[in-house]
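Common to both upcoming complexes is subunit A, partnered first by subunit B, then by subunit C.
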Partner chain A sequence: MKFNVSHIAKLANLHIDKNELELLSSQLTKTLTYINILKDINTENTPNTDQVTGLKNVVRDDIVTSSFTQEEALLNAKDSYKGFFKVKGILENE
Partner chain B sequence: MKYLPVIGLEVHVELKTKSKMFCGCSTQYFGKAPNSQTCAVCLGMPGGLPVPNKKAIEWCILIGIALNGKIALHSKFDRKNYFYPDLAKGYQISQYDMPFAKNGYLILQNGKKIRIRRVHMEEDTGKLMHEKINGESVSLIDFNRSGVPLVEIVTEPDFENAEEVKEYLQALQQIVRYLEVSDANMERGEMRLEPNISLTVKKGVLPPYKVEVKNINSFKFVEKAINFEIKRQEILLSDGITPPQETRGWNETKNETILQRVKEEANDYRYFPEPDIPPIQLTNEIIEKLTKFIPELPNIKAKRFKSSYDLSSYDIEILTRDKNTADFFDKAVLDGKSFSVTPKQIANYIINKKPDIEKSVPSEIIKTILSSSKSNTIDEQKLTSVIEKVLQENKNAINDYKNGKTNVIMYLLGQVLRLYDEKIDPKLVKENLEKYLNNN
Partner chain C sequence: MNTLTLTEAIENLKNKSFSSVELTNACISRIQNTDSKLNAVITLIKEQAIENAEKSDVKRSKGIDLPLLGIPYVLKDNFSTQNIRTTASSNVLANFIPPYNATVVQKLEDAGAILIGKTNLDAWAHGSSTETSDFGPTKNPWNVGYLPGGSSGGSAASIAANQAIFAIGSETAGSIRQPASWCGVVGLKPTYGRVSRFGVVAMASSLDSPGPLTKTVKDAALVLKVIAGHDPKDATSSPLLVPDYANNLQNKKKMTIGVSEDYFNSVDSQVANAVYKAIEEFEKKGMLIKKIKLFDPKYAISDYTIIQRAEVSSNLARYDGIRYGNGRDMFGEEAKRRIMLGTFTLSSGYYDAYYNKAVKVRTEIINDFNKAFSEVDAIVAPTAPTAALPLGATKENSMFGELADVLVEPSSIAGLSGINVTCGFTSLGLPIGMQIIGPQFKEEVVLQLAHLFEQNTLFHKQQAKL
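Right, the complex of A and B next:
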């Protein structure tokens, strides 16, 4: 098992130093090899457990409820500008 | 070498529910102050719990049924993970392996079947503006649109040219408008188009790449973008280069597509089931009940207008373009029946005079048609007396006629038309004259 750690880091939005790549790669390999033990278990007749409440069809009617004010919405924002959330420029060739 | 275009389409349609997909914030974001219609759910705050909008799900299913799709009895939502600040959560709630509808189709005028792979429900993103403030590049975010219900409709790569794509898109727009689930206004971004285009050397063989053109907001641009891509890829391929798999955007001013970002593989999104939303289970009864909400769709309406009213394809195309006009026409035909106003007369009136159907009543249209065509309904008694008078004054003409000089009837016709002080159909007058001459 070999990992493209920089790719995974990018997907996870993490900054990884070059000298960490090798170490993380071996650590991830170790971890996943261990987790692979699970593959030995026969789960053919075991249902998925992405839901554990047994609930279904929990929906709401199409009714408008009150929202935050603009001020409230921006209260915890690191930065804002004229009512907008402001973040560092995202590179896009538009 | 000759290349065949292979084109597929992804279309996003914003539903016109009152509230958002997973929270009660208003969907009416157009022209509103930024970030004035948000809450803990659509801002992705810790603890915010999404609860699906029942109407949005029903409307998504209606679109699926209208597109001849198979509706899933078991369905669920999934998280599509990515880091881009147009959604605050770090993921979009969408549907991955269990969309509400699968395997639908839409048939084009030429009989060609466009297969629809899936119709699924998701949420719209916030709006980003890329600006420079005090020399610094920044992105400004308005989350008012974040969480507005969005239906994605994906076709198989069944299109072979831009015309087919355009026809499909127009039909699709008409269907969602007939269903009254979306206004599908392109300029407002309520309908967004993403064609994927590649070229093959052999029909039925999918090329090893595809180029996606993102977020086009007009039928005209989609046509141009496709034709541009076909040419661009042809040049690359004839040079022996396989066009790279990539996402491009349409540039209106340059009239060309430009490279955006290299396409991420689907599994890069690390989809997994949305743990905060229990699965959706439908029954055949619910699906049947929803099916009853589907109005007569444009293609079926067009067939009926042909068989019941015998209208031309041109008339039918115009009358069925939107549901209100078609319904108005139907009512007018019903009202016109008792006054012997024909469907064709009504069709002509609606198409040529373009009455504001929002403000008119079908029965009033009938009255207008009747009064404008009154001169053509003949006062028989009056006509007879005029004919008698003309013949009285032209006894020689009668003799000429009886002696075989039938051309004289044209002279008599002229006299009658002159004396009859209203406009009148000459053909009718001629028929009456002939009858009179032959019986006396």
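Right, the complex of A and C next:
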């Protein structure tokens, strides 16, 4: 099976240069071939492991604690406007 | 002074043989004199460290004592440090100044330790060489033509070069043990959940385990005691009490050590021989050696690759250049490869065949270890298939990390505890590491066995000549 780099790059929100396409595709196809050996292991009746130490339903008491101030939260933002993060427009007016 | 172990440094500070300012200055000078050769430290923290050392000397003069009061340490640069740049060695975070401390950092600060530098790593901790860092590769202090391993390569090299008294790293699968092995230092990978992940730049959240890199086993025990424990900010951190590891280093019973031949297949003969000799040493000291059969580690590589890439793609999705950091165009080659593979294995139509299969195989690997630990107390194996490889070794192989970590990935997948100790040197004078793997939350066992070995051998006394 060949790895479809352009399609996955779109899903992953990554820009891949044309000259990277070929190499990435061949590297990822090779990796896929390698990891396919898991098929050797029968897991028909095996449950999933999502948490290795067996913790379940971890909750905390519903107590409000202090967090970042608005100023601290914005410290690393490239662009802000009146105390908010400024983001690029998603919808455009025709 | 900078060459002292943590245990020795604590004693000397208590006896007032020297001050924390003197010790901190000695370590900072060592960084300044050696780091042009090594590139282990990305950010040197000088003025603030000296200021903190002065404060800790004042505290001590007032009779205040804390477990790590006045001890200078270095920290892998994927731990958030308040008002100090935290890059994860990626250009995406090249200018990121966190407004908060990681829990590990806070605990060390509360215990009196002094941060003097933030160390290099593979970008995002994606790798086993420190060669994929956007800040250039770190070099191995034993031979600067060789790699230090990774991803905590900066921390391992820094300790091997005596730039600090101890270091902190993080391991997802091998990132503490493997560089410790290549740089000839002790590296302890605690059980998943033993140490809080809060404030560590997330790589694979079901695997990430912060831990110490030190000059001796006792030093690792001392640091683990400080950084371990439940943290309300990390729901996966364990509520189990933290034992006093350092005062519990003498093994009280005869232990059984498991040895699996599959962990010696395709291992360099010098490495295999050194580890076999170490196993004989354990036998001489009265331990029982038992042959066991474990899953071939090659399955863990595939399993780890799927689970880790999936979690990477999810964790790195947050980097959009809006709230902090630069845009996604700044990701390097390795990060892009990992995000792409993870996105693929989680994508509609492939999820069942890859991710869902991998979390089932993960159960099989855990069961396999559980079966082994019903017969043995710990498992001994080489940490890595080879000693350090030359600079540039990662260039041709996009699976380099996985192959270098083949022997540590199975235990990481199962969330086990493990430690690397030096057990020999190659004909080129490069360190050889052995790992001792224990069950979950049995750090005492791996520390006891590692301590026993260290007490009866001299490998840890050898110093890299820079």
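Details
Note that the second predicted complex is superposed on the first by the 82 of 94 C-alpha atoms of A that agree within 3 Å, B and C clash if a C-alpha of one lies under 4 Å from a C-alpha of the other, contacts with A are read in each partner's own complex, and residues count from 1 in each chain.
By our rule, a contact is a pair of C-beta atoms (placed from the backbone, for glycine too) under 8 Å apart; a residue touches a chain by one contact, two chains touch by 3 or more.
No experiment lies behind these values; they were computed from the predicted model shown.
In the superposed model, A:D40 lies in contact with subunit C only, and not with subunit B. Once the two complexes are laid over each other on the shared chain, residue contacts for A:V87 go to subunit B and to subunit C alike.
In the superposed model, A:I16 lies in contact with subunit C only, and not with subunit B. When the two structures are aligned on the shared chain, A:D50 is found in touch with subunit B and with subunit C. In the superposed model, A:L28 lies in contact with subunit C only, and not with subunit B. In the superposition on chain A, A:V64 makes contact with subunit B only, not with subunit C. Put simply, subunit A uses residues 11, 13, 48, 50-51, 53, 55, 58, 60, 68, 73, 85, 87 to touch subunit B in one complex and subunit C in the other. Residue ranges of subunit B in contact with subunit A, taken from their complex: 17-19, 23-26, 33-39, 43, 51-57, 76, 81, 83-85, 90, 128-130, 132-133, 136-143, 249, 258-261, 268, 270, 272-273, 275, 277-281. The touching residues of subunit A, when paired with subunit B in their complex, are 11, 13, 48, 50-51, 53, 55-70, 73-74, 81-90, 92-94. On subunit C, the positions that touch subunit A within their shared complex are 95-97, 99-100, 191-193, 206, 232, 235-236, 238, 298-299, 301-303, 305-306, 313, 317, 321-325, 328-329, 331, 333, 336-337, 339-341, 343-344, 347, 354, 356-364, 366, 398-399, 414-415, 440-441. Of all residues in subunit A, only 3, 5, 8-9, 11-16, 20, 24, 27-28, 30-32, 34-41, 43, 46-53, 55, 58, 60, 68, 72-73, 75-78, 85, 87 touch subunit C in the complex they form.
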